[in-house]
Amino acid sequence: MQTYKRKRLEIVVEKRRAPAVLDLLDREPGITGWTMLPCIGGRGHTGTRLPEGATDALDTVLILVVTSEEVAHRTMAAVLELLEEFVGVVLMGEVEVARPAHF
Amino acid sequence: MQTYKRKRLEIVVEKRRAPAVLDLLDREPGITGWTMLPCIGGRGHTGTRLPEGATDALDTVLILVVTSEEVAHRTMAAVLELLEEFVGVVLMGEVEVARPAHF
Amino acid sequence: MQTYKRKRLEIVVEKRRAPAVLDLLDREPGITGWTMLPCIGGRGHTGTRLPEGATDALDTVLILVVTSEEVAHRTMAAVLELLEEFVGVVLMGEVEVARPAHF
Amino acid sequence: MDAALANLLSPPVLCFLLGLLAGIVRSDLEIPEAVARSLALYLIFSIGFKGGVELAANGDLRPLLAPLLVAAGLSLLLPLPAFGLLRLLTRVSRVDAGAIAAHYGSVSIVTYVAATSFLQSRGIRFEGFLAAVVAVMETPAILTGLLLARAGETTGLDARRRRELVHEILANGSVVLLLGSFTIGILTGAEGMRRLEPVVASGFQGVLCFFLLDMGLLVARRFAGFATMGAGLLLFGLLMPLLGASVGLAAGRLLGLSVGGTALFATLAASASYIAVPAAMRLALPRANPSLSLSLALGITFPFNLVVGIPLYVAAAGRLVG
Amino acid sequence: MDAALANLLSPPVLCFLLGLLAGIVRSDLEIPEAVARSLALYLIFSIGFKGGVELAANGDLRPLLAPLLVAAGLSLLLPLPAFGLLRLLTRVSRVDAGAIAAHYGSVSIVTYVAATSFLQSRGIRFEGFLAAVVAVMETPAILTGLLLARAGETTGLDARRRRELVHEILANGSVVLLLGSFTIGILTGAEGMRRLEPVVASGFQGVLCFFLLDMGLLVARRFAGFATMGAGLLLFGLLMPLLGASVGLAAGRLLGLSVGGTALFATLAASASYIAVPAAMRLALPRANPSLSLSLALGITFPFNLVVGIPLYVAAAGRLVG
Amino acid sequence: MDAALANLLSPPVLCFLLGLLAGIVRSDLEIPEAVARSLALYLIFSIGFKGGVELAANGDLRPLLAPLLVAAGLSLLLPLPAFGLLRLLTRVSRVDAGAIAAHYGSVSIVTYVAATSFLQSRGIRFEGFLAAVVAVMETPAILTGLLLARAGETTGLDARRRRELVHEILANGSVVLLLGSFTIGILTGAEGMRRLEPVVASGFQGVLCFFLLDMGLLVARRFAGFATMGAGLLLFGLLMPLLGASVGLAAGRLLGLSVGGTALFATLAASASYIAVPAAMRLALPRANPSLSLSLALGITFPFNLVVGIPLYVAAAGRLVG
């Protein structure tokens, strides 16, 4: 099966910052889509987070974006700037897709 | 630690189509397993999906499959054919495993 | 955007074994963080798991760890040893990050 | 007027408005999905069960037949004027028009539930078999919507897809639960009610309030999409319930239903599905844009019926039948 | 006969059958996991609390001791005939046989709950301390099952694993909740009941109905696995509850329990765990196939007990004791 | 003493202790997050609604003004001594001290709910408008905490962040729900209560029990963090509620509140937020360590207030006012 190379961004942010990140993605014309997954815990520089019955203040999500190399680099920089001092990580990996026009 | 190369497929589909995809995976003898994760939103050619209290009609899931290169290509083609006009994306990436017989 | 190479580990284990795995990660000084995601099903050598209303005994989670190549190899071996005869898979992939000190 | 105000100031409608307000100011108030969906199942179970118990008390199943047939007919036929109106007022594609038409031929269970709650608070009785009428109206519209959307296409659905679709229509979760609880109500009657009363009857208003709070949040989220939708679509979302209600009122009168029953028939015809039909549409018309029909059914028609429509239809039924 | 029909036509059993039917026709009806698990916690809390309150009313804790000891003994010993039957009737591995035997030595809380609901609807009283009996029967079977599965192995569990397992057995969530709510019932007595009555008592039947609806859906999903399981296993799933019930009836009679108490003892012995034991088995016997034991306990023994077994055991207890 | 024992042996507190115990022995008992959060929403809605209904019964809104102003003032000012104490007793950073101070200026709704439940069980009445007092105390402390944390920094928040923060404070989910349900209570009054009574009133104690069970589990999980926290912080978690309560008692007395009202005022001042403030702090002070403040508010101050504080404050209010 013929495939085409794309970049795969993974962004872990607090659920309450996700709308700001999604807004940013929606404003970047090179991005055709994203997928958001829930997290049930994490550890980083701001300590350990485990599910809390009482508050969702510490919940995080993982946002997955597949896009071209150029857009991926631009987006990575933009997201990191947006996050600023906020919690979060941005990862970039390789991925192959079969329908190049879709991404 | 010695590792072996495999392919890592990610399939995002509507929850209601997932059983059809899993059936397909279960019928392919080269595939030894899969993992399914819930999504809490997404955007693509069919618009934006966010969690709905009222209906689960728009819910999506992410299915992860680790398998050999050959089987991965075959499966990618088969899943895309199954999805046809339905919503969904299929991604293929590289991954290393330690227990080659397991995948 | 300048990026740095890291390894990306994915560990799928039963939810009840996750604390043991997280303990292991927390004791490895080279690891600065992890992210845990819920799974809603899976298939492997111990059969098919789908969500059960009655018991969470079969629930699994996916733990994501980004770290250096050396630590990743060490951790992969340690996790596989911990899992022993227990259910689970460990995958290693490539990833690029922008803030090298963070991982 | 008085009834309209009473409706507006009832706890369920106020909870809906609170949710709407919270959504509009983008509060982080959020009812977890798993719980909201369970509350919907509870509401469906309750109205089915109570309808069955009520029917068992009367003992006579004969008067059921005509209303059920008329209801199925309404569900099959209402997509036609809906489709016509959409082609007239808007520029949505044929596929989207078919999908939207299917939503409006079908019914909104929560709107029905809110209407029964309004009737109860006013002391107006209605026929127990109406729970079965709801179930019967849920899915026929899917067929018509599909035919409208696909008309002109040379290739229909292939055999497997057709089988899947029929299955989806018959085995739809809310239909199964509604008919099932209705049957359980008939089978267990007063004794069953004695056992379940604290849950299905006493708890009903409170659960409805929480559920409508969540509906308000969801409806507010839909508002964002209105900007890109065009005035024609918004107009459709207000005209279609009035058209449906008129047909429903006429049908209720012809069937000789009580005031309450006629008002509920009108409410059903006026309402648009956002549980059963969206699910079926993902299978029947995967290329239809689901946000479009949900924004209309959930964002416009649902609040319109809840706040303005229900007291209006009850008043009209009172004039026509009472 | 009459009792069997009354059981079949009770709301809880009908809800179970509705879920079963929905599952068989592969309806998309689905109770969110988070809610289903919470309903199970509610049921456990309620029976524990009510048992404790009942015991506090009688005041006398002495009659507790013998039943608790016998119950623990039953849980420890029942895996032995279960294991024997499995080796006789089926070809499952030693590890799987041990795991399955552990499930059958332990108990199903939901089956117990359904039995108390059946007794209540027939006006048959039972001893309050039985809630503690349930707790005591949950985990000893795990030890026996483990020993059976590992017999013949030269290496046992290492020290850490053994510690983990003992912890799992003692700190198992349902055991802790059941004993805890039982204790809270004893400590707060009638005054506690006055405060919690609307939730733990009035709501009980309704919650049980919803929970059994979900159980029906889960059981139907298990049916798919039967094709590959072989007739011997299915037979075991029907024989073992009858054997367990006989032992339980005898034990109840020996202990001098009431008709209701004896019937519940039989039900407990006849039932198989699908909450506490599966969890412990993942730790004790990770290589055992969890689908196998769940398919048996959930797919065969649970529906058999719910629909046929409970009225049977109650009738037998009536003859034996009444 | 008697009251303290009665509190300790009440179902809600025993459920909390059960959860605590289960958490300490690391049981796998777990209430799904989605359900726990929904129970919290239920509790918030119930106290708001009941407060509103109560106020509507008295008809007079005037006595509301002074308590609301004083409450807002307390929330604004209490972070000052909290910050001072923290700098004195501990070595946490300025940012963390500001964040923690904000939590303690604000209030814990669940502590308030537990206090009303305690008052009810003792037959002590309190003013209905206190539900509004809770809402008013939730967020002002955030401002003070933020100013304290940022004092000395040359650059404040930029305009966008400031807008976001004001929004977070005003549109915070629990504030909106509390004020909203309070308003619905006022608008629908006795008639609304008649409809919602089975859910918001009868069910209250039972839901509180389940919620506190989960709180116990969460609190136990926090204990693990204590090892690294230092004695100064733990001391702060015990001293600050006493200081807050004293101020609250004085305020209640000055405002001429009833014994119950004064005790609730004290409880509010003594309690620390773990719903509204943590959410706002993620935006206002993202670099603050959220585990630190949650461990204090949830792990020390909450159990202290629940088990020891509430009966103490009620007794003190009785002396001061009664």
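Note that the chains take the letters A, B, C, D, E and F in the order they are written out, and that residue 1 is the start of every chain.
Going forward, a contact is a pair of C-beta atoms (placed from the backbone, for glycine too) under 8 Å apart; a residue touches a chain by one contact, two chains touch by 3 or more.
Note that the coordinates shown come from a computational prediction; the quantities given were computed from them, not determined experimentally.
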item	value
Reaching chain F from chain B through chains that touch each other, fewest steps	2
Joint neighbours of chain E and chain B, given as chain labels	C, D
Farthest-lying chain, centroid of Cα atoms versus that of chain C	D
Label of the chain whose CA centroid is most distant from the centroid of chain B	F
Chain B and chain C, separation of their C-alpha mean positions in angstrom	19
Rounded Å distance between chain A and chain F, as computed from the means of their C-alpha atoms	35
Distance between chain centroids, defined by C-alpha means - chain C, chain D (Å)	45
Chain E, residues touching no fewer than two other chains	28, 30-35, 37, 198, 202-203, 279
Multi-partner residues of chain A (at least 2 other chains)	16, 37-38, 56, 93-94
Of all residues in chain D, those that touch chain E in their complex	32-35, 37-38, 41-42, 45, 167-168, 170-174, 176-177, 180-181, 183-184, 187-188, 192, 195-196, 198-200, 202-203, 279
Residue numbers on chain C that touch chain E, as the complex places them	14, 16-17, 46-58, 85-87
Footprint of chain C on chain A - complex, ascending	10, 12, 37-45, 60, 62, 73-74, 76-77, 80, 89-94
Chain B-touching residues of chain A, taken from the complex the two chains share	1, 3, 8, 22, 25-26, 32-38, 61, 64, 66, 93-99, 102-103
Sites on chain E touched by chain C in the complex	31, 33, 36-37, 40, 110, 211, 214-215, 217-218, 221, 274-275, 278-279, 281-283, 286-287, 289-291, 294, 298
